[in-house]
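A, B, C, D and E label the chains in the order they appear, each numbered from 1.
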Amino acid sequence: MEIHQVKQALVLTSRLEDLGHLPIKVLKSLSTGATLVAMDPIDVKPGDWVFTIANSAARDAAGDKRLLTDLTVGGIIDDWQPE
Amino acid sequence: MEIHQVKQALVLTSRLEDLGHLPIKVLKSLSTGATLVAMDPIDVKPGDWVFTIANSAARDAAGDKRLLTDLTVGGIIDDWQPE
Amino acid sequence: MEIHQVKQALVLTSRLEDLGHLPIKVLKSLSTGATLVAMDPIDVKPGDWVFTIANSAARDAAGDKRLLTDLTVGGIIDDWQPE
Amino acid sequence: MEIHQVKQALVLTSRLEDLGHLPIKVLKSLSTGATLVAMDPIDVKPGDWVFTIANSAARDAAGDKRLLTDLTVGGIIDDWQPE
Amino acid sequence: MEIHQVKQALVLTSRLEDLGHLPIKVLKSLSTGATLVAMDPIDVKPGDWVFTIANSAARDAAGDKRLLTDLTVGGIIDDWQPE
């Protein structure tokens, strides 16, 4: 799993049906600064530090293994102090 | 999931049968600038900003889990402003 | 598998239920210096050098393939001397 | 999927049985310059630009999901002009 | 698949049971110089150039899909001349 900071919700003009109804969030990686996109079953807010779960476990983490995700928010980190 | 900009369609002279009939697009990664290739079930256009779904979910995203893909376009992002 | 050094336990204020009850640890990658997060079925301590198992094998390594992990501690390395 | 240029065939002195009888090729990544190894069901030649399919789809792409591959050549790209 | 050079065996003071009895080797990546860890069903020696198989195919490559590995040695490369 990796640590990310939440930036914003992602607004889509066109999307696949099996993305379901969970919000999709834009995240920034702690380690690389890369911008990534994750499903969010926890309702995280911009500025929150979260950890994310990738690949097959991401689908179960989203609550339904048919959901089309490879990255899902798994929890909010308490009082993270980036170095 | 990651954010990419669509560059062009990929023209193939020889391909495996189970690639199916979806268009295959060349994408450029927002985070790394890397060139990647994805199946496109949405019909995206050059210049569009899209997000992509990787690995096992990519096959379901393409509409048939027998399809040979590890990266599929999942949606078009509205009004993306790259930094 | 990769080699990591254990930094600390991860404290979560909100988490998905299927994360189970194993401790979750913050690790630092030997190769890249990146910060990662892993489930810990072995009870490793800060400063330990460990190797980690990723993706589908990570779920079995955590002891239950329903657990939501993509990275699990697999063993403690004896007397590792980083270069 | 990613774009690679074919360098040469890989000659092995010892190999696992379930690698099957497809040729194994050394490829160079367009994006990173990294050297990778892929199964080749298409019979590509040194200098060809190809795209490759990774992970679980790579096994189906090789024609038999028991084959031990995580990267398989999926098609030859027509008239690729690297930038 | 990727190309690695074998460095040494990995000595573990504590390990999960389902790692089985295959030796575990420390490898150095040809492309990135990164240090990785792989199961070794072939009995490779320090200095050997090998190619490795990742993710789900790694488990079958180790001879038993219950084994906890995400990287397994797949063959010894004949007369590899690193550039």
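The rule is simple: a residue touches a chain if its C-beta (ideal position, glycine included) is under 8 Å from a C-beta of that chain, and two chains touch if they have at least 3 such contacts.
In UniProt terms, the chains line up like this: A, B, C, D, E = Carboxysome shell protein.
Here the structure is a predicted model, which means the values were calculated and not measured.
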| item | value |
| --- | --- |
| Target chain C (Carboxysome shell protein), source chain B (Carboxysome shell protein), minimum contact steps | 2 |
| Homomeric contact chain A (Carboxysome shell protein)-chain C (Carboxysome shell protein): same or different residue positions, threshold half | different |
| Inter-chain centre distance, chain C (Carboxysome shell protein) versus chain D (Carboxysome shell protein) - centres from mean C-alpha coordinates, in Å | 32 |
| Rounded Å distance between chain B (Carboxysome shell protein) and chain D (Carboxysome shell protein), as computed from the means of their C-alpha atoms | 20 |
| Shared interface positions of chain E (Carboxysome shell protein), touching two or more other chains | 32, 55-56, 58 |
| Ring path (origin chain B (Carboxysome shell protein); first step to chain D (Carboxysome shell protein)) | B, D, E, C, A |
| For the chain E (Carboxysome shell protein) and chain C (Carboxysome shell protein) complex, residues of the former touching the latter | 10-16, 18-19, 24, 26, 32-38, 55-56, 58-59, 66-71 |
| For the chain A (Carboxysome shell protein) and chain C (Carboxysome shell protein) complex, residues of the former touching the latter | 1-3, 30-32, 41-42, 51, 53-58, 60-61, 74-79 |
